[in-house]
Amino acid sequence: MANKSGGVPSKHSSPWSHYIDAAFGFRDHWYPAFFGDELEEADVSNAHGEEIANIRTEVILGERILFRRVNGTVYAVEDRCRHRGVTLAARPECYTADTITCWYHGFTYQMNDGKLTTVVTDPECPHIGKIGLHSYPTAERAGIVWVYVGDGTPHPLENDVQPELFENGITVAPFGWSKVVNSNWRIAAENAFDPGHAYIHRNSELVIENKVPTVLSNTNIKHNNGMEIVDVGDGPIGVKIHRASGTPVWEADAAEGVRIEARFRPGDPGVMEGMVPDISIWLPAGVAVDPFPAPGVLQFEWFVPVDEHRHRYMMTWAKRGLEGHAEKESFFTELRETWLQDVPEKFNHDDVFAREAMAEFYDEGDGWERERLYGPDAVITSWRRLVSQRGGTVQDSSRAWARRDLRS
Amino acid sequence: MANKSGGVPSKHSSPWSHYIDAAFGFRDHWYPAFFGDELEEADVSNAHGEEIANIRTEVILGERILFRRVNGTVYAVEDRCRHRGVTLAARPECYTADTITCWYHGFTYQMNDGKLTTVVTDPECPHIGKIGLHSYPTAERAGIVWVYVGDGTPHPLENDVQPELFENGITVAPFGWSKVVNSNWRIAAENAFDPGHAYIHRNSELVIENKVPTVLSNTNIKHNNGMEIVDVGDGPIGVKIHRASGTPVWEADAAEGVRIEARFRPGDPGVMEGMVPDISIWLPAGVAVDPFPAPGVLQFEWFVPVDEHRHRYMMTWAKRGLEGHAEKESFFTELRETWLQDVPEKFNHDDVFAREAMAEFYDEGDGWERERLYGPDAVITSWRRLVSQRGGTVQDSSRAWARRDLRS
Amino acid sequence: MANKSGGVPSKHSSPWSHYIDAAFGFRDHWYPAFFGDELEEADVSNAHGEEIANIRTEVILGERILFRRVNGTVYAVEDRCRHRGVTLAARPECYTADTITCWYHGFTYQMNDGKLTTVVTDPECPHIGKIGLHSYPTAERAGIVWVYVGDGTPHPLENDVQPELFENGITVAPFGWSKVVNSNWRIAAENAFDPGHAYIHRNSELVIENKVPTVLSNTNIKHNNGMEIVDVGDGPIGVKIHRASGTPVWEADAAEGVRIEARFRPGDPGVMEGMVPDISIWLPAGVAVDPFPAPGVLQFEWFVPVDEHRHRYMMTWAKRGLEGHAEKESFFTELRETWLQDVPEKFNHDDVFAREAMAEFYDEGDGWERERLYGPDAVITSWRRLVSQRGGTVQDSSRAWARRDLRS
């Protein structure tokens, strides 16, 4: 197997050493950048090149990427002028929809391929046509703008998404929620997919308000017992958990003589029905929860590496079998009026809390060596091994050039 | 002599090289953690494990320690879950008084020995009874909760305190003052014990308001001339200064032709009497000033290492010969109404200023090599040599795992 | 040639490797510290040594320098007590005009040579007369206090200034503007002297409000075509650009099919006349723009290294041929009422923006290796080579001892 770290052997001797190396994520993958409704059609400067609107930058794997939508299509280029490195987005000038001009000396680049086409301050500049910004492949599907961070020709987008997202007959919301969270992306992935962490949700407001049956945890989930590795060559690669399998823990001793139990169990009066979700995690950085937060609704989440200490946490929802405009609109309205606020604020904020609380140990300390995993973590170690073997190239810190996240 | 730095030789060639190495303090010592009145009896979670009150954490020598009082006794454990490293105090759950449960996956530990006794999310977990949190020996005496940061069986607490604190017939206040100061603990120790620094107090408000006779400095204090090393095998180890010895400087040239003098001298009309304090400093981190701030009152101070850049500055007061409840209460009332505010705010704030002002040179720069000591510093170098020889094991930075001080 | 980095070979193989090494600037040069009107005559402490006013500190090349004006003459000493390193300016005590006393233990130094003359807390201290603070040569000319940061006897101040500043018959304002900017000093120098950066000023408010003809850029400026290296042995060393030379770009393609042009050209109705400025840059850190911002007015700028990430940006103005008090006062009034605010706030703030925008690439990233320079940068690389060859000694980071800038 080719070395994932560009020739540098891992300094970790672990079954998931590449994963430990990948603080900045794995290259050669598609990542969701933002929701399509967050970027409108490109604006164009006036005759004096004054600042335009409708531009977006994201730091992904430590690279700052600039996006513009031209005639509907979103293009992405490196947001670092080839001349002297300033961020173009600091004072975006775009004399045409399909170019961007550096505000400092007027190097003008094509949005579709990053090529340098004009230099305002030196019209005969020999660099023209020869150099350019890195151009990132993009796609827009399921309401999301995707970007390929890697070298060479990208593999199909389909390989890097939760399969349900592109399922026939599914309706994905054309909007979603996102926020930068102060933990490494791996901490987020493990939190999202952790059967033992169900425990933190027993007191989540959304669970209480909606009487969602929430197990304390599921034990004994392992290969051929509720867990399945999906790695069939050309499709998405991931791990699936069937929550109905394993051993659900509905009550347990919390300390000697203190027995605690789940707030709501399936079948209890008034408790939400049909809520034993399957959860799956997919390379490079997404999960699907089916169903959640309500019967028939699927929740998709992503934890996109920003830098070694932060990830962008994104989520959206989908439903199967909706027919016609009215049914879809009614689903979107339900999402907008309820779940779009309630899920992040009354449920997943507990995950955000947990991720940030783990950052001291893993991001700043020696957590990868010091952790003492337990039974339910078998699904996490399966994920770690899988990513370590099947993920792309480890993003080296030297390629994570964006020292400043201009959003914050 | 065993190597203080766990086998790593000091990189300093100095008569006090271990002291220079000990930015994080010395292990194998008792430290004051907080005043007993700052921690009430343990609270217990409701049936849903919701957050409890009455818990306290302190970072000492770079380790975050969690304290709970169970049936009156304070216990201390490492505040870092053995599973995946989160701080338990972030969302403290305690289903019984004598346990603490990690909010993330329900690992439950005994407060008295740190042992893992229950795992809510995996009741059969084989780790139970086999692993645990580091358990810190504790004691509560003289109104203070003490904690032993070290390995193996602790030596007696008495060896690590100012002897006057446990003196027969002394009444120590059951409360005190404390604050985290932005300097290394050694800078604080040296400031507190420095005969030359008397100079900064000539303008302290407390000195002016109370007409406290305050010398400009004392010179010529050295072995057998006002200074005494105390190191008698099994008791406290320290250095004592008799201020009446040495050469008190009541006036001096500040510059050519400008003679300055102390604001108040003993015997002047209206000047506070009986105020020529002895001062002593004791391993690992305390001083006693006798008397201060008033005749018959003793002031105790500590500078407990938090991390390499901060110490917790603590102080309390005592009086000898008080008889019966009423006399003691009257002393406590005097302290509460006057000295508890006035001493830190009108006197020792000048020391806080001096400590923080020295941090650039010693904490961030090359002060240990560059300093040019002078005569009155002989007492400081005696202290440095003594600690370097007789202090415990240098706390290695790799053991100072607490990257975040949750108080701030 | 002697090695610029004190014997350490540069790790850069570049025609301007010393320049790349000189993040903290070059020693053995005169730098402007502040404007003379910013420091009044020395204040003297009362009998209790309470804090005095009229003291000033600046961090230059990473050294914190303390200034006092004694009988009109400004003296400068290292602001780090020789005893235990505190900053004297934190609580300045000066019992006489020509001394400064450390507030901590009363070490008293002469302002004119830094010598330790008295120790309040140890009058017999043997250090007296033997040690001292580093004393920096100073000069006050053209309304500016200059300080020599270097070793040995300084060369003449005249060698380190823009020649016009000391020109016969010129009137320099006895005041100016300054601000600490968050970029390295080299980024500032290059921004100021960059013919291609004219582009950013086309939208500067000052240009628009005053109809200043502003070219988009000047190309083809090179040796013997508009650019001249000045290095005649004993005088100032620098690079001059004659803007009227080279190829002025008044209009250009910004993108295919979009032609843009300068807002105002010379000769257009209502446009300010006589405004084709020459610009020159001089070791160690200054430029002259002649004329700017109005015909007959010269603008001088400096970018004094504070530390590796900041420079002090200073500017003032001058006029030739003014006769008598009234003419000069009228010029000063014009500056005070207009240009002193308008130039920095409506013109050079765009340069400040550009400098700070380049800091990510050069100060935090690998800009020196990654940049792709273009034609107009020939003047910048001439400057880099010249400084690399003819600048003083590279300031090593270990000599940049001031970790804290007390101004901020």
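Chains here go by letter, A, B and C, matching the order in which they are written, and residues are numbered from 1 within each.
One rule holds for everything that comes next: a residue touches a chain if its C-beta (ideal position, glycine included) is under 8 Å from a C-beta of that chain, and two chains touch if they have at least 3 such contacts.
Each chain and its UniProt protein: A, B, C = Rieske domain-containing protein.
Since the model is a prediction, treat every value here as computed from it, not as a measurement.
Matching the C-alpha atoms of subunit A with those of subunit C calls for a turn of 120 degrees, to the nearest 5. Under half of the residue numbers at the subunit B-subunit C interface are used by both copies of the sequence.
Between subunit B and subunit C the centroid-to-centroid distance comes to 47 Å (mean Cα coordinates, whole Å).
Residue positions of subunit A touching 2 or more other chains: none. Remark: subunit A residues 194, 196-200, 202-203, 216-217, 219, 249, 252-258, 260, 263, 353-354, 357-358, 360-362, 364-367, 370-376 touch subunit B in the complex. Here subunit B touches subunit A in the complex through residues 47-50, 80, 82-87, 90-91, 95-96, 99, 101, 103-106, 108, 117-125, 127, 131, 401-404, going by the rule given at the top.
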